[in-house]
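Order of writing sets the chain letters: A, B, C, D and E. Residues in each chain are counted from 1.
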Amino acid sequence: MTTAIFEQFINGTMMGSIYVLMALGMVLIYGVMHVLNFAHGVLFMVGGYLAHLFFFNLTGSYPLAILGAMVSLALIGVLLERAVFRALRDNLRMQIVASLGLIMIIQNGVVQIWGPHALQMRPPPVEALVRIGQLSFTVQHFVIIGVVAVSVAALYLFLTRTRLGTAMRATSQHPEAAVVVGIDPNRVYTLTFMIASALAGLGGALLGPLFLIFPQMGDAPMLKALSAIIIGGMGSVPGAIVGGLGIGIVESLSTLVVPTDYRDTIVFGVLILMLLIRPWGIFGVRVRGEH
Amino acid sequence: MTRSFSNLAALACLVLGALAPLIFGGQPYVLYVLTLALCYTIPAIGVNILYGYTGLVSLGHMGFAGVGAYTTALLMKDVGVPFVPALLGGALAAGVLGVLVGIPCLRLRSHFFIVVTLAVGMILFTLFNNLDALTGGAEGLPGIPRPAPFSIGPIDFEFRSLTGFYMLTFVVTALIFALQFVLVRSDFGRSLSSVRQDEALASARGVNVFGHKLMAFALSTAIAGAGGAMKVLFLRAAAPMSFDMHESINLMMMLILGGAGYLVGPVVGAITFIAVPEFLRIAAEMRFIFFGFVLLVLARFAPRGICGLAESAYKKLGRREKTVVGYS
Amino acid sequence: MSMLKVRGLKGGYGGRLIVDGIDLDVAAGEIVTVIGQNGAGKSTMLKSIFNMVPVRGGAVALDGADIMSVSPYRMLTVGLAYIPQHHSVFPKLTIAENLRMGGYLLDDKALLHERTAMVEEMFPILKARRAEYAASLSGGEQRMLEIARTLIMDPKVVMLDEPSIGLAPKMVDLVFSTARRLAEAGKGILMVEQNVKKALMASDRGYVLELGQVRIQDEARALIADERVSRLYMGVRG
Amino acid sequence: MSAILEVSGIVKTFGGIRAIDGANFTLDHAGIYGLIGPNGAGKTTMFDIICGRQIPDAGSVRFHAERIDGVAPYRLAREGLARTFQECRVLPEETCLDNVLFAAQDKHIGTELLQAFTRNTRRRREAEAEARRMLKLINLEQYADSPAGALSYGQRRLLEIVSCLMSKPRILLLDEPASGINPTLLNTLHDFLKEIYAETKIIFLIVEHNMEFIMSLAQEIVVMHQGQVLMQGAPDAVQANERVIDAYLG
Amino acid sequence: QDETVTFGIVTAQTGPLAAPGKFQMNGFELAVEQINGAGGFQVGDTTYKLALQVYDTRCNAAEGASAMQRLVTVDQVPVVLGELCSPVAAAEGPIAQDFGVPLITTVPTAASLTEQDNPYYFRINANSNQLNAALAQYIQSIDGAPLSFIAWNNDAGRGGANGIQKLLGDNYEIGYVGFFNVGEVDFANHITNIRNAGSKSVMLLMDEEPGALAIRQIRDAGLEVQLVGTLAMGSNRFLDRLNAEYLGGMVQYSAFPPNAPIERIKTFSDAYKAKYGEESHGFAAQSYDGIFAAVEAMKAAGTTTDPEAIRDALSEISFDGVIGPIKFDETGQASPPVYITEWCDDGTRKIIAPADLAAECGAG
């Protein structure tokens, strides 16, 4: 049983890392722009497809493919912010409509371009195995955990140590005041979307090879990430990290004791329970004026 | 929202709806799409009470619709209960579940409540899919009977034909619409509205915010349950996929698109949301790409939904200057 | 010489003109206060000068240069600062980070340090609590921080929208004396106030705004003495 | 006879901050009371506690000898405890008339639902007439059918106060009613409150930083400082008190 | 001058089942191309060309029903074919009955579909009972207990896993049963449980994409179990996703072994490969046969427009399709053979059941 727990712990950490990447992007966008971007999952998926494209058709190198996917996604993020979300800044309702519109366009567009069948790519870290006792994991498992850890650290440093990062936090807290001190909010919004999309792209490029690249590959991570940012306190970066990892691990460990067809029931049941016990999220603080 | 606009729009919908069988009698497909749209209008009215008036977002409402649907379907199919009590039973089951979920969860802050509804919706879907013995599981529940025909005096009512079932759905929808009308125009509706606009103020003025939310949630889940029941009676088959998260999100979208907080928002939204993709069938694989663009355009140019657009057009048309808002 | 020069300014929201042709001047070293009934358009006037309303027209010049088409977030670079009516500190940034954001447009690190040091000397409380969240400051202290923050860019003119709102009497005095210190340092100060008497007493000149237009303009002392002004805008019964 | 409102030993902390630190005061008889103190003294928090919006960590609040701390705000509101908010709250989408009517309506869910199905137009019309009369008193009658969100700051404050009065409270708490209001309009408000008090003898408890306003309006002033009550007394006494001057008036 | 008959098609062109939908469409289109290429088909004195009116159902019951409604009332097709998802077919069936237009489904497997007393409902493919029977029989013939399952949490997966367990009976030791949602691709937790259960064999009830992944993860985790798969896993496309060493010894049921040494299968497979550049697929073969069943029925009924007559003819027809002899029983269910094939070490397949069709490596 302990080996099983260990195995599931590693798997959960790996999936949790992916959720963290997604959650960070969503929490940035939500925190800075108050946009709940349901389309984040399809950006993740596009990341997978682009990594495939870069790997097979352009570079042949997996790290370059990841980089290519991230850069392309960053550009797509800029485009989306400018063309779609900027005009809807203060209209939460229509942001939801628009992001669903985007999901339809992108998901079906991908099927038009790449066909409905799942793609596969197997860069070296997916082929190579690490044996720990009687267990074995692909190297990719650890690559994912490591890359995510580094990205999270980098993002954290960016947000707290740099002028631009501080400006991002400032804008999220008080957009009008940001203008008054000379921050161009549009630039911050574009930057936010760019970073968030690049993170989604990174997620897709990391997970796609381990599993499959297909049009719905972003749906589940998006949902889990959404849950993660909510239990993390909506707008809290550490909350998103703990929430994402927590969901990944709970979901993996739960399968040792309950039938897998009830896995989501467990995950979401735990979520509900947690909210009932700590109604303001893990990291959320209760602030005056909120209810 | 101007009252005259709302009343006018409601009246127009009612008249058009009642006349639809005459207008589209020769086009069963159109009538079919309208019936389906009405099946979504009902739960959308539920969401309107919850979101449009009370300000609570639910991303799991089709789960509650599913509870109503399976309850009604099983009552009619396996127990042989007649339509009206079965429908009420379905609505009741969904409403009771709404209360059970609402009591612990409605005290949560709004965005937590969103995720709770999402979670409850997922859990309900899992149950529909996995309880093979009860719900038929993933293979669905085929063979759900239509309401039995009956006659009052010389007039026969039957529901197997499209026209018959359309009229039945229309009557159910109209009743629920009337309920919505009465509720939102009452003191109760004003209290719900105050909860949406400012909870702290509402409770300082004596509104039992939790109680009102619970009532709104119960009503809205019960109405959704009735809608789900009509849907499976119409399709004569129940499937878990008909009540999954995507459907719940679509329901929310319908309302927003039609115009949340407008009496006829659910009607307009459901018809748009059902009819446009049907119309786009000619576009085959491209149809959801087109539909996606339609949504983007609407989001951009109809910030308060189609009803909002219509309302401003109506106001321009009337040019009836009300009291000038401004300084003294 | 007039530092801030406003001519025929118009501004409003979606089709409604709230500010309707205002002429106004602020010279270096002077405090100018604008008063008027609630809803007269005072806040809108400041926002229009700062290019923060959707509809606007007229001319605004700062130190001789036309700034009509400068984006709000570029205003600080040309020397115009604005402190909105509602609190505008970044609540969950530390005080130091708030000051850092005040110097967002400053690329010169040395200059930034110098100015921050200067401002911290001016407002010692900010230095003492620099690592705390701005939200932990009292209302009056937050006003101080807002003023301090704009000073990092060394603006020529500072516009304040009801700086005394919600402040205890002691704090009000502190804010007005700070304004005086800034004026003495050669900056032009443009204030909007409902605390009319105290504000005018702290000012050099004043404007009375009504329905988006300037009704009266005069020396502050003269306005206080004006019987009609005191009756209509200062609540003096008569 | 017991006091009307009795606050004793209230403590309230937020994280590390002791917003209220053992405050005591009593309002013995009907009257207009002032509550003053420096920024952050805990005045608004005190209001929140009296109205049930915050639950104190320690201490008690009694209203006509009955303990009311921790009772839900809506229950207290139904018991006749009304308040305005420092940041000024109205229902922005409703018209001014509806704002006032809303304050007056019975908010028991059962009654509301009953009303939905048995409309009593006569009673509704009566309430409307009363509401319009109130709006007229504060010069807002021409805004009766405009959404409250379109009002200017000062008018919104007046609307909020009138709404509270419309619910026929037994005690009314006003949080900085004068802030941001033009002095001339303030005179109107001053007279209006005096008039209402003379008419109804309900109790007013008013937080204010505008000394001129509160000192001429109130019969008794409570001074808070750093979460405690510094003193309670007649306006003259308060204004002369050295500690008050030191901490607050400057 | 030729007339054209239009068949209605309901299938998933978008959504999560677009991939199997593609195979289904390939089958339909190949049949149409062949029939039209041969000059059409003759009913009475007229030669008819064939056309398809295709509507997307996204595996959504309401959409399926709308599409069905549109086909029978707007397009007024004489026959409708297709569908992938059982619950959607369940909603389409009653409309077929209401409007008296035969519906021939070619992929959905839920047994209940043909138990609704609906004379207008026909199913060309084996239903879950038939598939399960064949599989259960095979499993009992090997020493595979305890047997574990990893199955899609949908109609096909749940139907299979539950049905086979029932057929195997209470005495047969079951190790672990795990379901996963369509679109999920992480099998780690199932593998852990399978290992814990000490399973000797594992049934994979899913499509080729998750199937390939599951097998790789099972083998990478070092589990030495007998793998039993579905028809999606006995193809060269599947081999491309993995490699032979992962597959050797695995068996799967198949509605259609593309390389079987049977003439009609060979012909079909070659034509399919020529047109689509890949190995043929069972869904395509079933759907291909569906078109021919409809055409045969029209010929027999002597009409292309009278759905009633076509229905009657359909219930009578009997012909050799590529998946086997096609004949509908009184419930509208056909009984094509269910094959069991096994992967050889060189990456080819052999047929091991039914016994009379057994063939060597390279034939499956």
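Definition applied: a contact is a pair of C-beta atoms (placed from the backbone, for glycine too) under 8 Å apart; a residue touches a chain by one contact, two chains touch by 3 or more.
On a predicted model such as this, the values are computed, not experimentally measured, just so you know.
Graph distance from chain A to chain B, where chains that touch are one step apart, equals 1.
In terms of the distance between Cα centroids, chain C is separated most widely from E. The geometric centre of chain A is 42 Å away from that of chain C, both derived from CA atoms. Centre to centre, using the average C-alpha position, chain B and chain C are separated by 51 Å.
Inter-chain centre distance (chain B to chain D, centres taken as mean C-alpha positions): 41 Å.
Taking each chain's centre as the average of its CA atoms, chain C and chain E sit 75 Å apart.
In chain D, the residues that touch at least two other chains are 152.
In chain A, the residues that reach two or more other chains under the touch definition are 108, 111, 261, 264, 289. The multi-chain contact residues of chain B, meaning those touching 2 or more other chains, are 129-130, 200, 285, 288, 327-328. By the touch rule above, chain A contacts chain B in their complex via residues 38, 84, 87-88, 91, 93-98, 100-109, 111-112, 223, 226-227, 230-231, 234, 261-262, 264-265, 268-269, 271-272, 275-276, 279-281, 289-291.
Looking at the complex, you find that chain C touches chain A at residues 50, 52, 71-77, 81-84, 88-93, 97, 100-102, 104-105, 149-150, 153. For chain A in complex with chain E, the touching residues are 1, 4, 7-8, 11, 15, 108, 111, 115-118, 120, 129, 134-136, 138, 211-212, 214-217, 219-220, 252, 255-256, 259-261, 263-264. Chain A makes touch with chain C in their complex at residues 163, 166-167, 169-170, 173-174, 176-185. Taken in their complex, chain C has these residues touching chain D: 36-39, 136, 138-140, 162, 165-174, 194-197, 231-237.
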